[in-house]
Amino acid sequence: MLVEFGQTRVMCTASVTEGVPPWRRESGLGWLTAEYAMLPAATHTRSGRESVKGKVGGRTQEISRLVGRSLRACIDLAAIGENTIAVDCDVLQADGGTRTAAITGAYVALADAVTYLGAAGGLADPQPISCGIAAVSVGVVDGRVRLDLPYEEDSRAEVDMNVVATDTGTLVEIQGTGEGATFPRSTLDKLLDSALAGCEQLFTVQKEALALPYPGVLPEAAENSKKK
Amino acid sequence: MLVEFGQTRVMCTASVTEGVPPWRRESGLGWLTAEYAMLPAATHTRSGRESVKGKVGGRTQEISRLVGRSLRACIDLAAIGENTIAVDCDVLQADGGTRTAAITGAYVALADAVTYLGAAGGLADPQPISCGIAAVSVGVVDGRVRLDLPYEEDSRAEVDMNVVATDTGTLVEIQGTGEGATFPRSTLDKLLDSALAGCEQLFTVQKEALALPYPGVLPEAAENSKKK
Amino acid sequence: MLVEFGQTRVMCTASVTEGVPPWRRESGLGWLTAEYAMLPAATHTRSGRESVKGKVGGRTQEISRLVGRSLRACIDLAAIGENTIAVDCDVLQADGGTRTAAITGAYVALADAVTYLGAAGGLADPQPISCGIAAVSVGVVDGRVRLDLPYEEDSRAEVDMNVVATDTGTLVEIQGTGEGATFPRSTLDKLLDSALAGCEQLFTVQKEALALPYPGVLPEAAENSKKK
Amino acid sequence: MLVEFGQTRVMCTASVTEGVPPWRRESGLGWLTAEYAMLPAATHTRSGRESVKGKVGGRTQEISRLVGRSLRACIDLAAIGENTIAVDCDVLQADGGTRTAAITGAYVALADAVTYLGAAGGLADPQPISCGIAAVSVGVVDGRVRLDLPYEEDSRAEVDMNVVATDTGTLVEIQGTGEGATFPRSTLDKLLDSALAGCEQLFTVQKEALALPYPGVLPEAAENSKKK
Amino acid sequence: MLVEFGQTRVMCTASVTEGVPPWRRESGLGWLTAEYAMLPAATHTRSGRESVKGKVGGRTQEISRLVGRSLRACIDLAAIGENTIAVDCDVLQADGGTRTAAITGAYVALADAVTYLGAAGGLADPQPISCGIAAVSVGVVDGRVRLDLPYEEDSRAEVDMNVVATDTGTLVEIQGTGEGATFPRSTLDKLLDSALAGCEQLFTVQKEALALPYPGVLPEAAENSKKK
Amino acid sequence: MLVEFGQTRVMCTASVTEGVPPWRRESGLGWLTAEYAMLPAATHTRSGRESVKGKVGGRTQEISRLVGRSLRACIDLAAIGENTIAVDCDVLQADGGTRTAAITGAYVALADAVTYLGAAGGLADPQPISCGIAAVSVGVVDGRVRLDLPYEEDSRAEVDMNVVATDTGTLVEIQGTGEGATFPRSTLDKLLDSALAGCEQLFTVQKEALALPYPGVLPEAAENSKKK
């Protein structure tokens, strides 16, 4: 499926393959892994292709790990048996917030894959997903808290924070960084308020997408959350 | 721009960057390079990501070189000055003929980039593109010549041939292979007849796409050429 | 210098080299980079050497980036001119909390390097460091908030959080993750309380170390903070 | 065995090893793979060693794949059982046409290896090779069709074509490229005529070499074919 | 354990893991492997990290192989069963003679690991180590034979030689090189006299270290051998 | 040129390129570097190609460094100006003693390259080579000292030693190793006697080869030295 958050477009796909990594064999548990990548032409200035450079950059791996960790928080890996779900998030066009768009879209791809697995009789538990997962980026720009920064604002944010939350109101991950600056604890609280409100809107959009016969594009996500 | 040939979808982008590779400096000539890649989830069975493996496979490099060589046949590199045009062809969904779809779409992306360069005053010659370029795959399946094979037919073709041609009726590249078999010269002639007719249709579609204010999807390409 | 936090021992060194990376040249600004690594025998079970594998793992790069980002928050890079400070954090023995030990020790190594640079007349501003930086890990184990978890507790923590703070009371970075679980916002608050109190103790120990003629081992750090 | 085509010298060796690649196990079929490489001092200007660069170039892989594909067209892989024949083609001296010299010499090395396997009782079918394989390069230089171009002519050819053919008169592979130019279909026909005539001469030389007790150098190949 | 030879400090560790490399399986024999590495800040001028460069340099591999070969000369690999002893030698600070310090310290780490294995009942033969192993570097500086050169002298030595010997008076390895010069056989004899005398002193220090309940630092080594 | 020592055949080439490595620029001195490699089919059992594995093995690098170091002992690098001589030693067929055959042949290739440079007016000093360089391997097999061991004997040698010497009677390099055994100093002396006598014979053969108009094969080398 293709997720659109403003000018950011991410293609999210979940593939199921038999078997699990060696360290997990004979555990009876499945595994979920994620890979995030950016097409060379996704950014304004073309960036080099990582396959050509011969190694995956630190940022790419860091985000891949974040996406995988976030999705593993919502799924019961015992229910899928010794199978691996590989989630691919490829950024076709980038305008800020690619990692949070990737997580939000990846959840929908995952939910679809699980529905498919269930229909194929591949699930021990008919409801292996315990909650919805969505993510937003929030930041402080010119002293004000902002949700879902486009690239131009993101690059001059004083504080940048990504929040992954569940639709039951709890947190999965929080990563906040002062960009060349530091920030008081009161700012952290305001950023969290804004982020959790943004996630609420995304859960609504995700549910709409999953109600469709086959998931399409999620354009409303960005529209709604930007209206704030 | 996104090219669709049947179930094959390729995203083609042309980016212009200042400067040329070291071996070409101070020649007064520009350079054109191409990179072809396939998203892991593009095929039925998910394939590993080349950036994660740490090297680009032989097939990927071979196609990248073919795309670059084909496009360089139509452009006067002196006209663009010491700049490099990087063409990216990323296969989002694969169902046979990805390399020829990539070349056909890449030509449109290139023509757009050149129009953009010209508008920005970056061209010594206002018409640096001397002809149109399109490519098709043809094959022999069950003893019959077929144009634009989908994957299922491609994988059991007895002969497989890719032809890159110009809209002035000449050839740029021809690659024909017997797949575990050999073929007489008469078959080569029939394959070429079919390929050149297929290219004619693509030139029409390309012109339509380039006439639009901003290039969109090229879905008619596959429809038309498949009707044969 | 060698930092000891309980059974965790990290060697931190800051080296100054002339020049900056290409993308920063002619900016008049310096650069600070960090590399974190673990000796193969640092963990209970010997891990493979990354130089032999031929690539740096995602976790290693992620921590290297975190250490660099944290230290850049306290230093005025204009003051050091176009020079690069490379901070190396090599874990000789690991028992949980290696990344926070690395940041806390790296700050002391950095402060020493800056003093050395100043004595050598290499500083535009005599006080380029604006604040102290320390980091702690906090977690929830068996439902209770704990500071500086040793490995045995860390591996069964329900929530794990790293906090980087300044001695002026502000935050530099906060990274909290539910490990196979999610957590309410109230837990986040408790974890932050504990983390900031832990950092306070570290600032005292750092100041003692920097008051010595040449920085030695920092064993009290762990002792004090563990008493909580 | 050592093949000489004019100033081009290629060492071709076929080694048989037990077993096949993983994807082919338990098929009852053997496998044939080829590796082409050039010694650093083979060209006029010394080129870097690929093992030192740490990756195999696109051109090298493309030719390795071509050699393997060409040889697989003549051998019944069921007859050799689950064994792998590895053909190595190392260019000691290069003066144009290295890929076609490699294929022509590799066929002789393969035929010898198969004779050896048969003598050792390792063949299900006593005649697993169904036809002879040879290859030539042809080109258009200064408007005229030429066979087996030496480097100096090859580098200024307007069209360059490699043809792999069997001694039963059929084609295995045809690769034609306009070098910065395009070419009409009539030129393709003339190039094919010339190529097939050149292959005929090579089949004679190959048979002479295989009639010897142990294959020596094939110097007549170039002499004969150049007389055209 | 940490070995100190003058200003050179090397951390030597021996880890035992179950199993042996594939080529040695079902032989009933164990294996011993060594890895030598230098921390980036160990030298006066910081050197790049090999894990970041993505490959291990020739010098590093050469020394790793030397350390492994030297230690395998003293141990009966049948006695440890199909287990692998991995010896890590990490240079924390370098001032000449790092490879010989590594061998001398690695022997002590190995002897400790074997004692530990024996106590755990993992040895077929209670005394698998047949002799002690130590190594020194000797050289000719300004025409005079010198033992254990510090870096400043080593870098201007005319001849440089490393000798690995046993405490039974025999040689394990001898590597002598003229540095931009050549040397007569009489010099070789004088260098050997000096080296063997130096090793005698190290055997005494090693025995003292192994007599302690847990091996500590070996500072006397350098002090004693330098007094010559 | 092609060197043959018994069944060992090594192709040695010296290429001169303008410029020196970065660390040597503006020194006025030239540089000499060597690369040793083995073709996959050179050994009885085909070995993998290092370019395909993506890294150069430790043994390959160790020998490359040895060859370069040995040749640098005989040449005045000031005389060749800021140029680099790259010596390539490619083993076509291996039967023991490949590294010493490489050094002995490389010296002849170097002497030829220097003669060529001199004729082209590229030398400050007309005689930049101060002495001849040759190398032999010696060993102890079944208790007896042997010169130039073929592979079958080499693999069961108790002691293995390589000696690089000059035709003025001095030593350049000596590397002796007990293979799973140790050896007394008296054995070292006997091995050296034998090695230096072997080198004498090689100097005669080298001079004969260099007296020819263009260096051919050196087959007598092995014959003569083996008669001992």
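Each chain gets a letter, A, B, C, D, E and F, in the order it is written, and its residues are counted from 1.
We adopt the following convention: contacts are C-beta pairs under 8 Å (C-beta built on N, C-alpha and C of every residue); 3 or more make two chains touch, one makes a residue touch a chain.
Here the structure is a predicted model, which means the values were calculated and not measured.
Shared contacts of subunit B and subunit F, meaning chains that touch the two of them, come down to D.
Taken together, subunit C and subunit E share no touching chain. Taking only C-alpha atoms, you rotate subunit C by 120 degrees to land it on subunit F; that is to the nearest 5. Taking B-D and A-B together, the pair of chains sharing more C-beta contacts is B-D.
Subunit D and subunit F have Cα centroids separated by 33 Å.
Our note on geometry: subunit D versus subunit E, Cα centroid distance of 50 Å, whole angstroms. If you average the CA atoms of subunit B and of subunit E, the two centres end up 58 Å from each other.
Counting partners per residue, subunit E has 54-56 as the residues that reach two or more other chains. Following neighbours round the ring, subunit A first and subunit B right after, the list reads A, B, D, F, E, C. Residues of subunit F that touch subunit D in their complex: 11, 13, 15, 17, 35, 37, 39-41, 45-46, 49-56, 60, 86, 88, 90, 92. Looking at the complex, you find that subunit B touches subunit D at residues 55-56, 58-59, 61-62, 64-65, 69, 72-73, 131, 166, 168-178, 180-185, 188, 192, 196.
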